[in-house]
Amino acid sequence: MTKTLNVGMVGYGFMARAHSNAWVKAPHFFDTGYKPVLKAVAARNTGKATAFAQQWGYEAVESDWRRLVERPDIDAIDICVPNDLHAEIAIAAAKAGKMVLCEKPLARTEAEALPMVEAVEAAGVPNMVWYNYRRVPAVTLVKRMIDQGLLGHIYHYRAKFLQDWTISPDVPQGGAATWRLDVEAAGSGVTGDLLAHCLDTAIWLNGSIASLTAMTETFVKERKDAVTGAMRPVGIDDASAVLTRFANGSLGTFESTRYARGHKAAYTLEINGENGSLAWDLHDLNRVSWFDHRTPGQLRGWTSILVTDGEHPYLGKWWVPGLIIGYEHSFVHQVADFLDGLASGKPAAPTFRDALETTRVCDAIIASGKSGAWVDLGAAG
Amino acid sequence: MTKTLNVGMVGYGFMARAHSNAWVKAPHFFDTGYKPVLKAVAARNTGKATAFAQQWGYEAVESDWRRLVERPDIDAIDICVPNDLHAEIAIAAAKAGKMVLCEKPLARTEAEALPMVEAVEAAGVPNMVWYNYRRVPAVTLVKRMIDQGLLGHIYHYRAKFLQDWTISPDVPQGGAATWRLDVEAAGSGVTGDLLAHCLDTAIWLNGSIASLTAMTETFVKERKDAVTGAMRPVGIDDASAVLTRFANGSLGTFESTRYARGHKAAYTLEINGENGSLAWDLHDLNRVSWFDHRTPGQLRGWTSILVTDGEHPYLGKWWVPGLIIGYEHSFVHQVADFLDGLASGKPAAPTFRDALETTRVCDAIIASGKSGAWVDLGAAG
Amino acid sequence: MTKTLNVGMVGYGFMARAHSNAWVKAPHFFDTGYKPVLKAVAARNTGKATAFAQQWGYEAVESDWRRLVERPDIDAIDICVPNDLHAEIAIAAAKAGKMVLCEKPLARTEAEALPMVEAVEAAGVPNMVWYNYRRVPAVTLVKRMIDQGLLGHIYHYRAKFLQDWTISPDVPQGGAATWRLDVEAAGSGVTGDLLAHCLDTAIWLNGSIASLTAMTETFVKERKDAVTGAMRPVGIDDASAVLTRFANGSLGTFESTRYARGHKAAYTLEINGENGSLAWDLHDLNRVSWFDHRTPGQLRGWTSILVTDGEHPYLGKWWVPGLIIGYEHSFVHQVADFLDGLASGKPAAPTFRDALETTRVCDAIIASGKSGAWVDLGAAG
Amino acid sequence: MTKTLNVGMVGYGFMARAHSNAWVKAPHFFDTGYKPVLKAVAARNTGKATAFAQQWGYEAVESDWRRLVERPDIDAIDICVPNDLHAEIAIAAAKAGKMVLCEKPLARTEAEALPMVEAVEAAGVPNMVWYNYRRVPAVTLVKRMIDQGLLGHIYHYRAKFLQDWTISPDVPQGGAATWRLDVEAAGSGVTGDLLAHCLDTAIWLNGSIASLTAMTETFVKERKDAVTGAMRPVGIDDASAVLTRFANGSLGTFESTRYARGHKAAYTLEINGENGSLAWDLHDLNRVSWFDHRTPGQLRGWTSILVTDGEHPYLGKWWVPGLIIGYEHSFVHQVADFLDGLASGKPAAPTFRDALETTRVCDAIIASGKSGAWVDLGAAG
């Protein structure tokens, strides 16, 4: 018997769209035990919220997220608003006994995030952070291959997330479209927005980061405020680069920037082990590059695995071999796994607790970028 | 004011799933003027049809497509059954005044397809054939670039559709899963199943084919019948290769096969013009390869355009630059364009009439494969 | 004890340069048993021949190839002149007891080539045709992998050789630089110049071609004569496309053109077998693409083998893994193998006899291009 | 009138082979004004030196490099021995008035290198360090494009040099084959061997490095001595990763390792500017990847320039468009440019003075790897 899961969405922007699509689509392709119902969307701008609700089939609109949280018919709150609003909403939702799903990063800082973790754990409510790239099938396959021991001892991990959309000094900061450039709303710049994805995947695939040193830079020092029109100093990091030592002894290099001309959403990762290496690229997200050192020398090389077969993660539910899927499917998989987790009682990762570690690393990067010193993260070596 | 469009689906297989997804998704992402409603699904196997209806939210199930066609509350009939059933259903639907959307190829032969064209035209009902690859954004961009005159005079067109799933002689023919190997159900083998896609795109991009010669082959001469278990001669073409002369004077080479180990759905095309060339590959469907001869020589090369920007076809409705979409989106775009066509009165292509030409070319390929002779298709040069 | 091999070169053009480089370099990298000595170069234009001799260290210049053939101190004649001169020189050289190395194609037609084969065989002199691409290490590796049985039963072979340098109607025909566009000098157009390479490799890798049908086209009907300046009809094929049946039952598709914008020397080949597939591209000549169906499904894909390791063909003699070689090395390898053949008494392929088959296929292509009919090549099926 | 340049080679190993090939080949392809003569090779192991001399045509063998330096008929000394021997030989050669060409890195440390610079400058002799990758045509094209202002303001530079040949702890250190693992002979590990190449190119393309912080690691702590067979601590860096700030304000990330499974000689670089980006990969060394932001948005993408046309650097001297060259050609170009520099009086870069900067940066990396602190290199910002 399929149960109903009533979803209350906070926000109507880009991420709310990606999540709504996932809530709708998951039961069409996966046997989930729960059927999500788009119950209500909350936003101060009720005009935009209403249009959004009509497009996606939400039954109602609330002008304040507090109303949503108070509604007894809502099972889960999905938080799709700027980072500075995550904590208050999540904590209130947990206290109201709602499941909480929060867009990443969990919060602007570890200090802000920790009470969120404590709130969901105190309330005992299912919770999850939308680090969606874990559920790109190719990335999930990378995880599976590592878990199968195909790489052996790990020596290197490297990841980058490159974009180019803020090179022009005319791009403003703040407001609905560019709050990611406003340090008040975002907490940090590319580190929390882009590198956090790389870090979440890295910790999932390769374990904890023990220590790091970082370089951060703000190329454009002042930008206009999108709301007031006034020039204001830019408080975010436009670029960050990091050297890390993982607890398992491997070395990591990380980089994120919005000033790498020609790159749109170029999240790439590579991991080098004793017996093999794996690489992945978000721009061609259906492929894993795999080097298997155990292959006889004459035939050895990098294999491009087109991750579209039934035996690949999640793919048995989609089309036929050779037919690719896209960005949005990672969210569909996250919903499917979340619903599975409800059914099985084994929560889908990353939970708030899991995601706290990434925020801690982000904090260390920003700190090291200022001090120039290595930061010890206290992870066991 | 958004109008309702009640859809009646015939079939519950792979294509019915792809189409249902498109009917559901189109209004979430496109402003279409019409809101499709999944009204009913028809199939003899009502158990499977019921499960399908539940998964996708169809309101009802009919055990016979004739009932569906008779229902006054159905606006459009969507035909997703084996090729040998297309004609009867489409003609009955047209006579009943329904819009008709038919999976490709239109029918097994031109002789079978022509009455379908006549029926929809006599009834004056909107009609469309699901040659979905025209609406992969990268392919649409290729069309746009050709229409903008970027290539100049055309010399060459080449396309292939390679698969490898029937190499084993243990794959049966006939039945629900492998009717594509049964010449009675399918009409032809790879020519109608795979090459028809290549031909539809080619005619759309490069105009009519004037003449051709073909080689066809059936590698596995006998296969077990999936229903009866008896060995039967194989009547389909396992592979076909074609040389063509287009009406515009350019030369074409085409190939399709299910015996090209390592290729899953490798539809590739390339067009060479005086001033530039364009290429595309279904396995990396978000990219166009573009060679611009007007670039200064030192900087000339093949440019890989990642078709994910707002100014690319359809992409303004999806995510942000760099975030890719997949196979299923081509169907969503086809629904969106079909609904736009209803609203504007300018029908979306390819109509039944448009698709008839591809079936005529397929017939010529099968004939030439037997005779070894060139076939004149009578297209004006 | 290393013996001396005195080389007499006929011609001073592009191919003479490639061959001279190979004669000089081979003993620096390979232990060959013979040390080539650049003895003399023959050409009517003694001014250009003298400059060429100085650049490469030839000891002498002859104004007539007959003198070179008559010189008792010359061991081997290397023919690097237009195709219409091959036969006379090769036959005279053979009669004079010289080894003969002839640039490809052997001659303009089979009728012209056959007496050359008979002459070298009657004289019992070592002989070879410079189909150099067999000795690109990656292509040699493809041959080795096929011989090792990695592909199993073969279904498909496809090859193309695409260029774009004659699109402009202002390119003349005839003369030293553009004799390849003059049917009198060249015998045919792209078929003998480009496709002959594809055919030689195909026959080497996949066995004889049993039958074929072809389409040929001359896009530019008239070109200026490079010598007289007068407009003359163009007699060559600008493009050719061919469907073949190999004696082993596999299907072949071949294409060559000089009107494929963006392609410089795009010789690509692919072969599909029951258990695997192989592909190669001259533009990236150090790589083999290899699909191994025996790999577990989850890890299957196309492997890009970077052919630079010591265990790869010829590579043990060059640099270290990862450091690539280029076009010219195929000629060096051919010299090394020719010299090895002298030492071992086991002649290096392709001999004149071997190369005759390719010329026969070229003739059939030109004939079929005119008749539109299939040509049976009489190879056992 | 071509002059003779008598070359005295010190060493007979891998680099001596690469250099000898370059000395021989340069005048065959370039009009250089000087004709190199392979006069003598010096090495303690006269047996191996004699075999080397015979293979390459050196006229004589010396058992001590001092004899070579003393010979009045030698014009230039080419140093191809382990790093710890560079200084003494170079200084003696300079004092003897010889031109000096030294394999990279110039010496083990800046302290050791500085007297070498002073010696050649005091003697006024032509001098050069073999940072050969500057003269891979694609890299030279990158330099030309930057100099033409195509990139605009630079934000990012990243380079890596990845290998995998020392992962096994059974690889020894010291001796003729593995002196690169012996800190006494090499000075450092991957930093001086691999990263030095990346740094030389980076400084050439993007200017001086102002400051840096580094992480270095020795994964295998003890290795057998190749000569004595005894286990000894490993003193080199197996991997190094570096964050830099360039004097022009751009950020750099660098990495080198011999523990990146699947990478043989994977030197890659990328530079991101305001108006465009450029990337290059040694494994496919004939290509430049180029993103031109000025292209209209719809057509924008990464262009793969196949650097084989006559208008590309050095390529007018080689084959025809589409036909690639390899690793060894970079040395040929360096010889050609060195000889041109002699003729023109404008010395070819990098001179000893130029190369000193790279060694200084290497020292800083090793120091920072130990201290964990940023190092200020004193370059003007």
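As written, the chain order gives the labels A, B, C and D, with residue 1 at the start of each chain.
Keep this in mind: a contact is a pair of C-beta atoms (placed from the backbone, for glycine too) under 8 Å apart; a residue touches a chain by one contact, two chains touch by 3 or more.
Quick caveat: nothing in here was measured; it's all calculated off a predicted structure.
Asks: Count the C-beta contact pairs for A-D and for A-C, then tell me which is higher.
Replies: A-D
Asks: Report the chain whose mean Cα position is at the greatest distance from that of chain C.
Replies: Looking at centroid distances, A is the chain farthest away.
Asks: Cα centroid separation between chain A and chain C, in whole Å?
Replies: Roughly 55 Å, centre to centre.
Asks: Could you give the separation in Å between the centres of chain A and chain D, each centre being the mean of its C-alpha atoms?
Replies: 42
Asks: What positions in chain D touch 2 or more of the other chains?
Replies: 263, 302, 306, 309
Asks: Can you list the chain B residues touching chain A in their complex?
Replies: Interface residues on chain B, with respect to chain A: 14, 18, 20-21, 24-25, 27-28, 55-56, 163, 165, 263-266, 282-286, 306, 308-309, 318-329.
Asks: So in the complex, the part of chain A that touches chain C is made up of which residues?
Replies: 141, 144-145, 288, 290, 292, 295, 297-306, 309, 311-312
Asks: Inside the complex, what are the residues of chain D that reach chain A?
Replies: 155-156, 158, 162, 164, 167, 213-215, 217, 219, 239, 241, 243, 245, 251, 253, 255, 257, 259-263, 272-277, 291, 293, 302, 372-374
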